[in-house]
Every structure is written in C-alpha cells, then in structure tokens.
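Two complexes, one shared chain (chain A), two partners (chain B, chain C).
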Partner chain A sequence: MKTNFHIESYCSIKENKVILNGDLIVKIDVKTYSEFIKHAYKAIDIKYPKFFKMDNLSKLAFVAAEVLLGKEPTNENKNIAIVFSNKASSLDTDRMHQETINSPEYYYPSPAIFVYTLPNICMGEISIKHKLLTENSFFIFNHFNAYYLHAYTNSLLQNKKTEKVLCGWINYDGEDYEAFVYLVSQKGYWQHTTEEITRLYTI
Partner chain B sequence: MNRVYLSHNSIVSALGFNSPEVVRKIAQEISGISLQNDKELFPEPFYASVVSSEKLEEEFLKLNPKKAYTRLEKMMLLALQPVIETSNVQMDEKVGLIISTTKGNIDVLENKSPFSKERAYLSALGKEIQDFFGFKTEPILLSNACVSGVLAIAVAKRLIQQGIFSDVFIVAGDIVTQFTLSGFSSFQAMSSQPCKPYSKDRDGITLGELSASVLITSNKENLCKEAICVLGDASCNDANHISGPSRTGEGLYRSVSGALQEACLSTRDIDFISAHGTATLFNDEMEAVAFNRLSMQDTPLHSLKGYLGHTLGASGLVETIIGMHSLAQNMLYTSLGLGSMGVSLPLNVITKPEYKNIKTFLKTASGFGGCNTAVIFQKAISC
Partner chain C sequence: MSNLKEELKTKIIEQLNLEDITVGDIADDDSLFGDGLGLDSIDALELIVMLDKDYGIKLSDPKEGRKIFESIETMANYIASHRTK
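Our next item is the complex of A and B:
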C-alpha cells in the first residue's frame, strides 16, 4: 500500500556498538552485556537513576529510545506511539523468576523481578521517561517482521491515532542482545516501506 | 472504512467448554472459582478458576492429535477448532492468526516439565497452533499484559482495514502456574477469598485459566447470531508507574474518550460497561475515578472476574465474547462478589441479572506497564 510516511531516524544496538542513522556513536570493547549497556547509558549522557533497577530488556529498549527521543522536548502532548517486537519476550527475566521458585527449600519470589516478566514493561519505562500517554503494542515473532510492523504502524498513523510511531525490534536472550528501533512520521529522509525497513535493519 | 465484525466464538474454561454453556452459568451466577490444594503449584491452598485436566484430555483426544502438546496448546487448539469449523473460512494468504497470551507455555521452565525449554518461546507456541490448522500466514503473538485480549481485537481490525487480511482468528489463553501464583503472591496481590470486584472487603485478585477464540471478519455473510461490530477503539499508557495504575485514571479516561470519538458516540449511547475489575484496591479505585471523570457512573457495569478469575492475556477476549452473548440475549449479567460498595466514587455495579433492550457496550482493560485499552461494540444487525 502506498503511503507518504517516512523514517525520521533509526538506531541499532548490537555487538558492543550503538549506531544512529548509520553513524557509529558508541563503541566499546567489553565482554558482558551489563558492562556494555552501562557504558552506553553513560556515553549518551542520560541521568535517570531508575535505569539501574530495570531488567536487561528494559535497559536495552530504554537506551535505544533515548538515542532517538532524547533530544525531543518533554511535554505531555507529545503523541508518539510505541510498537515493539522481539523473539524472546521477557524470557531472560522469566528464567530468573523461575529460579527463585524451583525448590521448596529455597523459595524467594521477588516483586522486583516478577514485574519485569512481561515484555511490554519496557514500553512502560519509556512512556514514563518521555511522558508518552499513547498507544503501546508488543508483538512476538520468530524473526524481525518488517511486513507486519509496517502495516500496523501505517494503520496508527493513517487513522490519526498518533503523530509518530517509535517502532522496532528489542530482543534480549542470555547474552544475546539486539535492538533496531526507528521513528516513523510525516517527514524524514527514508521512505517508510517494508523494503526500506528491511534494508536499514540488515545493513 | 470497512466495518469489522466479531463472529463465531468459543470458550474453554472452568465453567464449560463452549460459549453458550459458560454464558448460561454466568446468567445463573455460578462461579468457576474453587479452593485448590495443589502443593506442586503453590505451597498453601489458594482460590483459582481452573480447567479440569480430565475433561481437557478427554475433549482433546477427539481432535486426533499426532504428537504431544502442552496444557495451554491443548486449550488453545480446542478453543480454535469449532470456530474454524463453523466459520467455514478457507485457509489462504488472507487469513491471519493472532495469539494473545502473557506467559504462554511458561510451565515448561519447571524442572518436572517433559517438554523442551525451547517451547517457552512464544513463537514456538505460535508454530504449533499454525501447523495444527494449516494457517498459511505467520502467526502474530501479542503479549501486552492484561490488555492483550482486548487489544488483539483492535490489532485484527486494523490489519483487516489495512488490507493485510480478510479474516483473522484470534485465540487467547493463559494458565494457572507456579510462575504466576508465586509472582502475584510476592506482590501481595492474591485474594484470600474468591475475588470481590468493587467490594469494600476486596483484597486482591483470583487467578484463572482458560482459552477463548473468535473470528474477526470483514465479511458480513455467515455471521453467527450473536455477532457484533467494532465501532471504535483506543489505547493509552498512563506514563505513571510500571506496576500500579494512575490515581487519576488518566490512561483509561483517555482510552474511553478516544474509543467514543472514533465510534462517534456519546457516553449516553453505552448500554453497559464490561470493566476490568480485578478486585485489587488500586485497580478498582482507579476505574471508579476514570468512569466518574467520564460521567459514566450511572452506566450499568460489571466485572466478570468473580466467575472466571483473572485470566491475564485471555481476560479481555473472553469478557468480550460474554458481552456478545449479553447483547444477543438482551441480558445484563451480575458482577459477582459485590458486598457493600468499596470504591470512593459511585458506580452502577450490576447486582442481579436484568432483562433490558441493549445494543452497545464498552469493554475496558488495564494492566502492568501502565497500559489501558477500550473498545466499543454494537450488535451487528444495528451497524
């Protein structure tokens, strides 16, 4: 379907690198995700102590959103919906919660862990930080699915449910992490088409 | 924009294995919640609405399974089967499958599970359902906390209106597990009695398990007699707290306002509200605030959690299906468990079944992460 929506900006986070609109903005040689994400948080100059309480998935989503929305003025009328997807849902934190209940002798479920056993919590964290009183949807696919994301995002924009959509893939599974997030609106350098989304995701 | 309808439907639950049976019991104010004493699931006795394992096995064998399926997969396959059969929709590239669940096959993470831990991936669950019925399109799994079941309807509507699908089968399900019981209990959110939405003596949620399925279609031919259409929908995050609702009900207020706007209706046009009503102190209070801000305090309202418990990713869908039958039978069903009113602002909670000419209802849901969704439905013959 032909539409006139565009991609304003995009960010990818993987393999110890943060890339904004094709430019490398953070790179560090570390062994673990936790070292990397803490470094990325500092490198993009955010001050938000709640970050350190988040689970791995939310930290990844939070940094990606910060790279794209950090410069936007914060106000309650900002109408940016969030449409995220991944493969592993919140399984990383789910496994942690299951560890706390596996044995009757050592049974210590914690609300601080349990609250993160839903993938959409990361969108809640972003909504709180950027005061986004907007639509959120979290989809699970076996692979990045530009076709469904494109159609759903177009529907939100065409029906004037939102002015912009923060869209993409946020996956955390073991030490495997990958984020590819892009901001769709009326204006922007890249066409909002399935082909272009796929191209930006794979470069 | 083309109208989108909800048609053939099915429920697999503690109250029965088909929609008419479940609705009949709700009309008689019968609850599916009972005291469970299963130390494998939780160290102490607890209330929950659970599906009989014996009945599940017996019914599932009738589908002639060729391999092993998890408890949730069996429930989902059993819910989908009659919907696919009665709708007579042929599987092709225009037929979608949306699966709504919060935790999927989370029980395979338990040490005693005979299934591979890989089955905990929601896409693995999706593949089993897709392959069983031969869907030609990749399933869309929606996992958006407790609004998932009702949001799934909005997602189906949008993808149909975008021309991606002509028909979408939604199946929603969640099960009662060690995982959810221990988690909600650590939050001090579990009720020590069958849950009592909006009641002064409410003290938390009762968990439930079930699966529910509905056909969403743009085709007005072959609709079932209780079919309804979607008039408007909206979702809005509170942007306030990840595990507690907004005290001002802002996200719910905006969701309902947005849905009314899309439907071109005013609050007076809503015949009843099928609310979320989890029976936690904060949720029910937040709803009372939001509905009063909308001047909907006199609109008849119920929560169905007292019948089926809180079924998480399935709750919004099953409650919508019961709403379809409610319209078809012109019946307002009781909100089970109300003692004396226990929210700070007035609400018109339904306390006995009532026959009334009705055609339009509002379904709402709210969940962890601050999410809220509202959808407005009308009898298909009226729209």
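Our next item is the complex of A and C:
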C-alpha cells in the first residue's frame, strides 16, 4: 500500500555493526555486547554519562536513536513520536532483577536495575535526551512486524498527532541483540510502505 | 578510616557505573550529589541498599541519607560508627 509518507533515514545495529542508510558507520571485532555498545557510543561521539547507567535494551535503543536524531536536541526534533517493538520485552533486565531477590536471606533488590524492568523505559531515555513530549508506544511481537508498525505510524501521522515517527525493532536477550529503527515523515528517499520497510529490514 | 574511604570510592564507581572516573578523581570532601559527582535519586537508593548489604546499616528514615551521603568523608564517618558487619 502506498502512502504520502516517507522514510527519512534508517539505522540497523547487529553483529557488531552500526549501519546508517545502508552505509557501515561502526564495525568492531569484539566478543561481548557490552564491549560493542560501549565502542559504538564512543565511535558515534555521544557525550551522555547517564548512558552507562542504562540497561542493555536502553543502550541499544539510545545508540540507534542518536544515530538518527543527532547529538543535540533541536526544535525540528521535538515533535517526534516513538513506536518501538520487540520480542524479548525487558526479559534480560527482569532476569537480573530476579537474581537480586531469589534468596530470602540475601534479599537486596537493586533500584538501578528495577527501574528498567519495563521495555518502554528505553523510549523514556530517548525522550529525556531529546526533550520529546510526544506519544510513545512499545509493542511485543514474535517477529519484526512491518504491517503493524506501518499502520500505527500512518495513523499517528494522518491524524496529525505528530510530525515524525521514530519507529522499529529493538530486541535484546542475552548476547542476542538487534535494532532496526527508522524515521518516518512527509519527506524522505524511501516510500513508507510495508514492502519497503521489510526490504530495508532484511538488507 | 582511609581504607574505608578508598573502599567506598571503589564501590561507588563500580556499583553506580561511573564511567571514566577513578578513585583518584574523588576527593574525600567532594559533594556526591549536585555539582560534585552528579549522583541522582536512583543512585541515592543504591547507596541505601549498599549500606544495608555491605555494612548491616538500615536507614529507617531516607531523609537521614542527605547528611550521610554528603561526601565520602561523611559516609565513612557514619559507617565507622554504625556498622554491624
């Protein structure tokens, strides 16, 4: 289905690589996600100490958003809704929290871990950084669902709830991570269609 | 007491994920919140948990934390006189 909306830019993060609009911008040969995401943070030249306090899912979402939205909040960036999705929800952080409360004799839940036991917190981190006061939603699917994201994003734009939508897939579970995030608005190189979203996701 | 201060600095850096800060960067009388190390409200809760878990000190009134967590110096003094482990 064709619409009047377009994809301005897209970012893919997986397998130790960050790709922006099809161009490789970060690549490093490391064994762990924590090494990779820290390297990506520095390579993209982000200066935001709170990044290091975030959980793994939020770090992934934050880096992807930084690649697309730039380093500084701008007026142009302020009317952007966020629609994310994934399969694992916040399971990785949920497990960490569970470990802190498993034993009745050693029951010390960590507040810093507990605050990330919801997947939508990652959208809050992006909203804080970019001063976004717009709508945001986080959906859980078994697989990347271009049809649902396309329909939901079009609805927000057609009903003038927002000028742009930052949307996509942010999944983290163990060392398995994948982000595919794209910015939809009135203008852009790629048509905002389910076929094109799927094509860019599977490149 | 100086050992305890070093221990606290190490724990704070590790447990609060203070990137690019070393033990040598934190003076004993530096403010932990505000313009000092810039810790936030979640960090304050982590410090309360740390007092309980590592030193056996339960703060019944979180407002007590304001004075206790002013600096490494005030933390070390409080822990030294109240620790149960």
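Basically, the second predicted complex is superposed on the first by the 195 of 203 C-alpha atoms of A that agree within 3 Å, B and C clash if a C-alpha of one lies under 4 Å from a C-alpha of the other, contacts with A are read in each partner's own complex, and residues count from 1 in each chain.
Keep in mind that, in the parts below, contacts are C-beta pairs under 8 Å (C-beta built on N, C-alpha and C of every residue); 3 or more make two chains touch, one makes a residue touch a chain.
Bear in mind the structure is a predicted one, so any value in this text is a computation, not a measurement.
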{"item": "Touched partner set for A:T134, first chain B, second chain C, both or neither", "value": "first"}
{"item": "Between chain B and chain C, more extensive residue contact with chain A", "value": "B"}
{"item": "Which superposed partner A:F52 touches (first chain B, second chain C, both, neither)", "value": "second"}
{"item": "Partner chain(s) touched by A:G124 [first = chain B, second = chain C, both, neither]", "value": "first"}
{"item": "Chain B versus chain C as contact partner of A:F5, first or second or both or neither", "value": "neither"}
{"item": "Partner chain(s) touched by A:Y33 [first = chain B, second = chain C, both, neither]", "value": "neither"}
{"item": "Partner chain in contact with A:Y177 - chain B first, chain C second, else both or neither", "value": "neither"}
{"item": "Which of chain B and chain C A:P111 touches, first, second, both or neither", "value": "both"}
{"item": "Residues of chain A that lie at the interface with chain B and also at the interface with chain C", "value": "109-111, 115"}
{"item": "Interface residues, chain A side, partner chain C - complex", "value": "49, 51-53, 108-112, 115"}
{"item": "Residues of chain C that touch chain A when the two form their complex", "value": "16-20, 38, 42-43, 45-46, 49, 52-53"}
{"item": "Chain B partner contacts - residues on chain A that touch it in the complex", "value": "1, 82, 87-89, 91, 94-95, 97-98, 100-102, 104, 107, 109-111, 114-115, 117-121, 123-125, 127-128, 130-142, 145, 148, 151-152, 154-156, 159, 161"}
{"item": "Residue numbers on chain B that touch chain A, as the complex places them", "value": "43, 102-104, 106, 109-111, 120-123, 126-127, 138, 140-145, 151, 155, 158-159, 161-164, 178-179, 182-187, 234-243, 250-251, 254, 258, 262, 367-371"}
